[in-house]
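Paired with chain B in one complex and with chain C in the other, chain A is shared by the two complexes that follow.
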Partner chain A sequence: MTGRAAANASVPARFKPGDAVSVRRAHPPGHIRTPWYIRGHRGTVVHALGPFANPEELAYNRPGLPAQPLYRVRFRQREVWPDYVGNEADTLDIEIFQHWLEPAGGER
Partner chain B sequence: MSEPHSHAHEHHDHAHPHRHPPRPDTDDTLGHFQIMEIAVRELLIGKGIVSPDEIQRAIEAMDTRGEALGAKIIARAWTDPAFKARLMADGTAAVRDFGVDMGTTRLFVVENTPTVHNVVVCTLCSCYPRMVLGLPPDWYKSRNYRSRTVREPRAVLQEFGTIVPADKEVRVHDSTADMRYLVLPERPAGTEGWSAERLAALVSRDAMIGVAIARTPA
Partner chain C sequence: MREPIRGHHDMGGLPAGRVEKTEHDYAFWEKRVDALNVLLAAKGHLRVDEMRKNIEALPPDAYDRMTYYERWISAIANTLLQRGVLTADELGRKMEEIARREGVSP
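So, the complex of A and B:
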């Protein structure tokens, strides 16, 4: 189901820790590991985990290559849920594959 | 499971009966996926790809993993700074000291501190550090826990008897891909000079998921 892939069969990394990113607001069919609730939200890359075979391909018994860089992205709960009850500083960390991320502009 | 653990859950159930309606017994009928599992298993055996003995051994190996293994790892991290540094930098490699093979996944350890409390959930399915903690508890796989922990973590934690101070950050980890998360709880006060073996008794499964904290010395 999952797998770390060789670096030479992977897409180059676009992001590094500290980068502001937004999650694509897309709804393709299939086996998607990007939760619905986080699509369209802005966060910050906290860890670059290296390339992993794409689960959207592995789910259909394809090799999942080229591998996609995987990141841990941190979101502010208040940004995800405007009516969030809790500390302003509370956060949510999610693993997201690079093809689901875009650089976040300076707006907002 | 030890006594303090069962107590926490009794309290949890009694305080919030509306949140946990009893599940109907379903062990008299097989569901679609149970039938599928039996069919695939019989095919794999029939084609000589795996043997019944291998399946049995894999089940037995999974059954031996659990709270005690995770607690040993945490207690070592509390007592051995060099091990803790390795565990935080590369959990997968560090737990090989304990004979743990993470397989195709990687272990990612998150540390509770005086300013951050971590809690783990898998909203999409039930990703869980099985190679360290064994099979997940039923509640971990419930829709209730999976949907609410990312939405209102403080309310969920409170139902487990864990009240996180308002000025402490709650950090939820949604385990969506190849990492498996283990929480390194804060070492309880009053345990200075304790051996790793003695400390391990303070570490519960729930503390390593992050819905509880380590037990305090009696």
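So, the complex of A and C:
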């Protein structure tokens, strides 16, 4: 299965737009869609895109089920790059699968 | 603990050269590689995630040296070998035959 997956073969969604999340600081081998540079950073969910078969499994010709919810997560450039010289308000959106995200409570 | 190993392809945020913004033409073989990929995917012999995995698995020097479609044809070949669509022996013999026919060293 590729692309958007049936809801009944999916992991339940944990997050909704507005939720503060942090990206897991994990470094497994394999085909990982979560960019290296964003791991460990905090962002905010801006859009829930629905469940998709897991590309980490599809890469090995396995079904990638249950499907993982995918989210568009917004990060502050100043938070991602310590030497960022652009506008304070600049942001970066990345689509990240749920199993790479954890809830991030508290001050942002 | 030792630092984890970053995949060579996963280079977002690292210093890089200028972005080449000019359009460029594709060579005929590059179009054929693209067509081959579309056909193999349509027939269920490979999927984009396998292609990406095999491109990401290239050794760093090969990744840097190869052009875009050279990486693609390498990933196509590796996917077909992993799936058992081709054997290494079949592929090697065919490459030898074509090299002979074209008068180039294999």
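One rule holds in what follows: the second predicted complex is superposed on the first by the 104 of 108 C-alpha atoms of A that agree within 3 Å, B and C clash if a C-alpha of one lies under 4 Å from a C-alpha of the other, contacts with A are read in each partner's own complex, and residues count from 1 in each chain.
Methods note: a residue touches a chain if its C-beta (ideal position, glycine included) is under 8 Å from a C-beta of that chain, and two chains touch if they have at least 3 such contacts.
Given the structure is predicted, the values throughout are model-derived calculations rather than measurements.
Novice: For the three-chain arrangement built by superposition, which of chain B and chain C touches the greater number of chain A residues?
Specialist: Touching more residues of chain A than the other partner does is B.
Novice: In the overlaid three-chain picture, which partner chain does A:A104 touch, first (chain B) or second (chain C), both, or neither?
Specialist: It touches nothing on chain B or chain C.
Novice: With the two complexes superposed on chain A, say which partner A:A20 touches: chain B (first), chain C (second), both, or neither.
Specialist: A:A20 contacts neither chain B nor chain C.
Novice: With the two structures laid over each other on chain A, which partner does A:P35 touch: chain B (first), chain C (second), both, or neither?
Specialist: Both partners.
Novice: Thinking of the overlay built on chain A, is A:V85 touched by chain B (first), by chain C (second), by both, or by neither?
Specialist: The first partner, chain B, only.
Novice: Look at A:L70 in the shared chain and tell me whether it touches chain B only, chain C only, both, or neither; answer first, second, both or neither.
Specialist: A:L70 sits against chain B, while chain C stays out of touch.
Novice: With both complexes overlaid on chain A, does A:P55 touch chain B (first), chain C (second), both or neither?
Specialist: It touches chain B and chain C both.
Novice: Just checking: does A:E95 make contact with chain B only, chain C only, both, or neither of them? Give me first, second, both or neither.
Specialist: first
Novice: Look at A:V11 in the shared chain and tell me whether it touches chain B only, chain C only, both, or neither; answer first, second, both or neither.
Specialist: neither
Novice: Can you give me the overlap between the chain B contact set and the chain C contact set on chain A?
Specialist: After superposing on chain A, chain A residues 2, 35, 37, 55, 81 contact both chain B and chain C.
Novice: Which of the residues in chain A come into contact with chain C in the complex?
Specialist: 2, 27, 30-32, 35-37, 55, 58-61, 81
Novice: Taking the complex as given, what residues does chain B use to touch chain A?
Specialist: 104-106, 108, 123-124, 150-155, 166-179
Novice: Across the complex, what residues on chain A touch chain B?
Specialist: On the chain A side, the touching residues are 1-4, 33-35, 37-38, 49, 52, 55, 70, 72, 77, 81, 84-87, 89-97.
Novice: So in the complex, the part of chain C that touches chain A is made up of which residues?
Specialist: 4-7, 10, 12-13, 47-50, 52-53, 56, 82-83
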